[in-house]
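In the two assemblies presented below, chain A is common to both, partnered first by chain B and then by chain C.
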Partner chain A sequence: MGALNFLYAFLMLLLVFIFQTTLTGLNRKVTARLQKRYGARWYQQFLDIFKALRKDSTSHGWVFDFGVIMALGGIMATVTFIPVAGFRAFPGTDNVFVISYLLAVGMLGMAMSAAGSGNPWASIGVGRALTNMLAYDIPLMVVIFTMIFAFDSASVGQLAEMQQGMGILGWNFFRMPLGGIVAVIALLGMLGKKPFDSFIAPAEIASGPMVEYGGKHLGFMFILHEFMTFIEVSLIINLFFGGGATIWEYMLKYAILYTFTNIISGVMPRFKIDQAVKYFYRVPLAMAIIQGLVVIFTGLGVTIWF
Partner chain B sequence: MNLNLVIIVSVAFAIAAYLVSKVNDKAGAFMTVAGSMFALVTVFLLRNSIGSEISFLYFNFNLTVTGWYFSLVMLTAYSMTAFFNPFWMKKLIYPAGYNFLYLLSMAGTLGVFFAKDFITLFVFWETVVWSSAFIIQMGKSRQAAYVYYVISAIGSMATLFAIMFAYGTTGTFVINEAFKGLAGYPGRAIVIFITFIAAGMAKIGIFPFHVWLPSAHGSAPHTFSPVLSGGLVKMGAFVALLSVTAFPAYEIFKDMASFRGIPLPIYFMMALGAISIVAGTLMAIKQEDAKKLLAYSSVANGGYILIGLLMLDQVGFAGGMMHIVNHAVASAAAFLSIAAVAYRTGTTKMSEMGGMIHRMPVTYLVYLIAIISMAGIPPMGGFVSKWLIFQGLADKGLIFLATTAFFGSIGSFLYVFRPLSAVFLGQTFTRDLEKKEVGFFMMFPMLILTLLSLLTGVFPNIFLRVVVEIQSAFGMLPVTLAENTIVTSNGFLDAFRVFIVFGFGFAIAFVLFVIRRKSRKVELMDTFTSAEFIHTRELLHYSHSFYAPFERLYEKAPDTMKLYHKAAVKINELGNMAESAFFGIRPARTVLLVMGMVLIVIIAGGVL
Partner chain C sequence: MVLDNKDTRNIWEKIGDFFSANSIWMKWYCTGCGAIEMPPTMTSRFDMERLGMGPMATPRQADVLLITGYLSTKTLRRVIYSYEQMNSPRYVVGFGSCTINGGIYYDSYATINQLDKYLPVDLYIAGCMPRPEAIMNGFNTLIEMIKKGEANGWRHYQENYDWYKKNQLESLGEVIIHDEFHE
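Entry: the complex of A and B
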């Protein structure tokens, strides 16, 4: 782990930020078209972030600031662990449990900062966000567990490479179809897309975790959101859609999956938070466990089977 | 210095602490610090004499590396918590008794961990149970001590039965020999396995014995809860360990039906561990008292330890052993920080506090690090052990246990965040505005435990090397360790590298934050309130039933304690019926009836 790795990591962060923010901007346009609006320009998301960073901000004490830094720091560290089309900024750190739990550092920082603002609305939002996490993460983890059992590897990069070179049917999404569907549903929950967006409450600014943020704090939260989206979508791309043999293939798959979640989100109503929990524990969890039992007891899905 | 002397001196310290406390209770409390620190240092130095055997009076000790490992964990919890004792003397009814029992129970645990035969094990076990039961009743509720004692007694009696049964079968009390001789009797072995492990299950708080933890941890004196959760619970883990290593459970049950290579009796125990994880997590989420919440989290973590240990493999077992250290350190630190807050505010109810971070920042950081470890988030120790357990489960394909383990792991984010948000974050209550941070003497043990959490997370191999020795001692394939890396068949973890990269991310974020324009500091009450005018700090703090929508989903779930009460009422009724039958108006009729039934049984038995 030399200086070069850190340089790679820094460049990776920069590129990921540009790529994901552009994609977010384009997707604002897609959502707008779904709703028969014209929509903002593709670079509007950049303007929003830089505007927020330039503005004055207020702080509610040191934990309000510290939480924001810890959140962005943890999330950026997680981004550098993500393998992208065979590239790894820090080789040997792409263990799936490390990634999914290091992501939690960022979330804890965000929750801490929001609750530290002293606004009860923010605390309510955090409570919902954590409940939402408890809902979507269990089915997803069960599927990932099945995959580790099947392929004897917990490295995200290796799991992605194992699916390559066999055509589209080599993807885990087709080898383990139930698990694949669960993963895409869980991705909607992770990204906070409808029908699982009640914790961010984007339509009711005053009752989400973001209520007290402004200026550079809000700018940080925007950046953090872009990075977090990248981590979550990348996990699913690598684990279920074969990653990418080249960077272009990876980006194409990524853009398609991300746009797909946005289109779903554009036409969905919203679950209340307890409905989301009920839903995840009834349908996706059952599917995930059935998929797991099939793989563990029959071996179906370890090799290409249709 | 040998083990005998350590135990004798510890008991001597206990008696001295009692006598000194009669004159000056604070001085007596300092004796507990001295006594526990002495034991910690001397036991640590026993490292070189591992493998030797010592006898003393009727007791036989065997210095194993397992015992050494467990006693260090236990003594860390005892010695660090002892620093809080001097500040609680005024709040206890019997300070002298407290100090005496504190050190006596500590000496008892040493005897348990190094016991060579069952008699030694049992005598010292009971010493710990009795002395801790008397300490618990000095807290808020006597009921808690009863519950603790009854549950412990059920476990102890079951164990006594197992010991006697094993003795009757093999004719020896020496733990290893008695259990090894059971290989020829699989039928008896099952009974002995289940009854022997019962004491451990009761102590570690595995479902359905978990009811004592919340009441005992929640209402014990604030200075004893860290010991209970960080230390004494691990005695149960020790018994669970004995029941798969000294008792060769996998060998004896190897011909029985199994699920993915785990014989059913062992799988059944692991399933109980899984139930504890789910029940502990769900109950912890809805607690309103910080100490009760942490107590339920101990139930859940006990489940992880049990599952890890019972796997008895290369990876999962190492995870279970590692989790013993991590949970002891993290839970002791969390309980101590709550105790420190309670020392200033006088309460552990989460809805009666808020915003303590602005008054007690160090205590807050201690709690934060503790919960990061407890929730299994890198770069703290809890992550490493949970990672090992997950890898072990994934390797074996134990899908149901894994599902509960994931549930407990994500669920822990929910419950550990509650005290963080309710006690430390949010609005500071008006009456707490003038409160101060605790003094250095109380801060010191909390900081040591915090550093330990970080150490186990960044350099886990220091601890895992001892685990490797333990695994080799039991003849298992030990977990593979490279310089900084833990290697399993499914992947590897370089905890130090994760820590460095996290530091890198944090540094970038920090620089970004600092170079932007400085933000204006505003009062906590200066928040967006939808144009309402709220001037009462307490009203602007959201802490009561934090996860209300989620709690609503399982509010109708049965309460184990209520079921026990119902069973008690039924048994009482049964007794009353028997009493009225024999001592009612016509006892002769009952006697005739019983005699008739006995006769029928005898005749039926003869015919068959």
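Entry: the complex of A and C
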């Protein structure tokens, strides 16, 4: 591991930011078309971020400022560990557990910063966000542990490569259909899309954790959100949709999955937080456990298609 | 107020103003009757998002404070709190004739007549109420003003804070609260 790896990591961060922000902008247009509107310009998200970075900003103390930097640092570090179409900035470090622990640094940084603002809406938002995380993480982890058990590897890149070369039926989404559906539902929860967006509910708790952010702080949070989206969608693409043999294939799959979550989000109402938890612990958790039992006791899913 | 039309901005401020003009996040102060004109402006008929405008949840996140109609002296206090929570550059848009000269409430004991005695208003949209066409037209003007660097109300507020403060206090009067939090 040398200086070149760090150069790759830096380039990767830059490209991920440009790609994901463009995609977010295009998806704002998709949402607008669902609502029969014309919609924002495709580069609107860039304008919003740079506008926010340009403004003055109010601090609410050391914890508030430091939390933002810690969250952004943690999330950016996580991005560099994500394998993209066989490319790894730091080879050999793309373990599921490394990624999920590093992701927690970012999440907790955000929670710390929001709670540090002292605003009660922010505390309610953080509480809901962490409850939501607990809800979607358990079914998703059951499925991912099943996969690790079945294929004897915890490396995200290796798990992606194992699905390649067998056509579309080689994807874990089709080998383990119940688990795949759980993962896509969990992705909706991870991204904070409707129906699982009760922690940012703008009209109810004034955008939750984001309530006291303005100006540069808010700009950082927007950048952080783009990176976080990339990590979450990438995990699902790599683990369930076969990653990508080439970068273009990867980007195409990524764009389709992300747009799909947005379309679902565009037509859904919102769960209350207790409804979301109940839902995750009832339907997806049951599906995940059934999938796990099937894989462990019958071997279907590991060998069924070939 | 001395009108100075010379453009004294440096290149970074010009770039910043370009971003500000094309991404206007608004906090709607919707205690007046004008609030009812905002939903059609936002949704599919007029669709303000295509100009980069959108509602935000809190004053901290917003660039524009939109006062939709009359302000009673009680709500004026909250408007001032909201305005002072916003981060500069920040703009105020007065909406409807009530913010210009009191409108049909011109002789009411409970409302203020002229908003720009208390807050630096960058743009007025006249009408009772202004229809969404007028709102879109007004915001196009605001976008042009920000691009040219003419929307300087927030700077004017900083420079003439004493004058604004005096007017605010005169209107609000002194409030003495007797409870466990204030003594």
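We take it that the second predicted complex is superposed on the first by the 299 of 306 C-alpha atoms of A that agree within 3 Å, B and C clash if a C-alpha of one lies under 4 Å from a C-alpha of the other, contacts with A are read in each partner's own complex, and residues count from 1 in each chain.
Just so it is clear, a residue touches a chain if its C-beta (ideal position, glycine included) is under 8 Å from a C-beta of that chain, and two chains touch if they have at least 3 such contacts.
As the structure is a computational prediction, the values presented were derived from the model and not from experiment.
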{"item": "First (chain B), second (chain C), both or neither touched by A:D48", "value": "second"}
{"item": "Residues of chain A touched, compared between chain B and chain C (which is higher)", "value": "B"}
{"item": "Partner chain(s) touched by A:M166 [first = chain B, second = chain C, both, neither]", "value": "neither"}
{"item": "First, second, both or neither for A:Y213, with chain B first and chain C second", "value": "second"}
{"item": "Which of chain B and chain C A:T80 touches, first, second, both or neither", "value": "first"}
{"item": "Chain B versus chain C as contact partner of A:D56, first or second or both or neither", "value": "both"}
{"item": "Chain B versus chain C as contact partner of A:A286, first or second or both or neither", "value": "neither"}
{"item": "Chain B versus chain C as contact partner of A:G39, first or second or both or neither", "value": "second"}
{"item": "First, second, both or neither for A:L130, with chain B first and chain C second", "value": "first"}
{"item": "Shared chain A contacts, counted only where both chain B and chain C touch the same residue", "value": "54, 56-58, 206, 211-212, 215"}
{"item": "Chain A - residues contacting chain C, complex", "value": "28, 32, 35-41, 44, 47-48, 50-51, 54-58, 202-203, 206-207, 210-215, 218"}
{"item": "Chain B-touching residues of chain A, taken from the complex the two chains share", "value": "1, 6, 9-10, 13, 53-54, 56-63, 65, 68-78, 80-81, 90, 92-93, 95, 97-98, 101-102, 104-105, 107-108, 111-112, 115-121, 123-124, 126-128, 130-131, 133-134, 137-138, 141-142, 145-146, 148-149, 152-155, 206, 211-212, 215-217, 219-220, 272-274, 277-278, 285, 289, 292-293, 296"}
{"item": "In the complex with chain A, residue positions of chain C that touch it", "value": "16, 19-20, 22-23, 25, 43-44, 47, 49-50, 52, 56-63, 85-89"}
{"item": "Sites on chain B touched by chain A in the complex", "value": "260, 355, 357-358, 361, 364, 368, 372, 375-378, 383, 387, 390-391, 393-395, 397, 399-400, 402-403, 406-407, 410-411, 413-414, 417, 420-421, 425-427, 489-494, 497-498, 500-502, 504-510, 512-513, 516-517, 519-522, 524-530, 540-543, 546-547, 549-550, 552-553"}
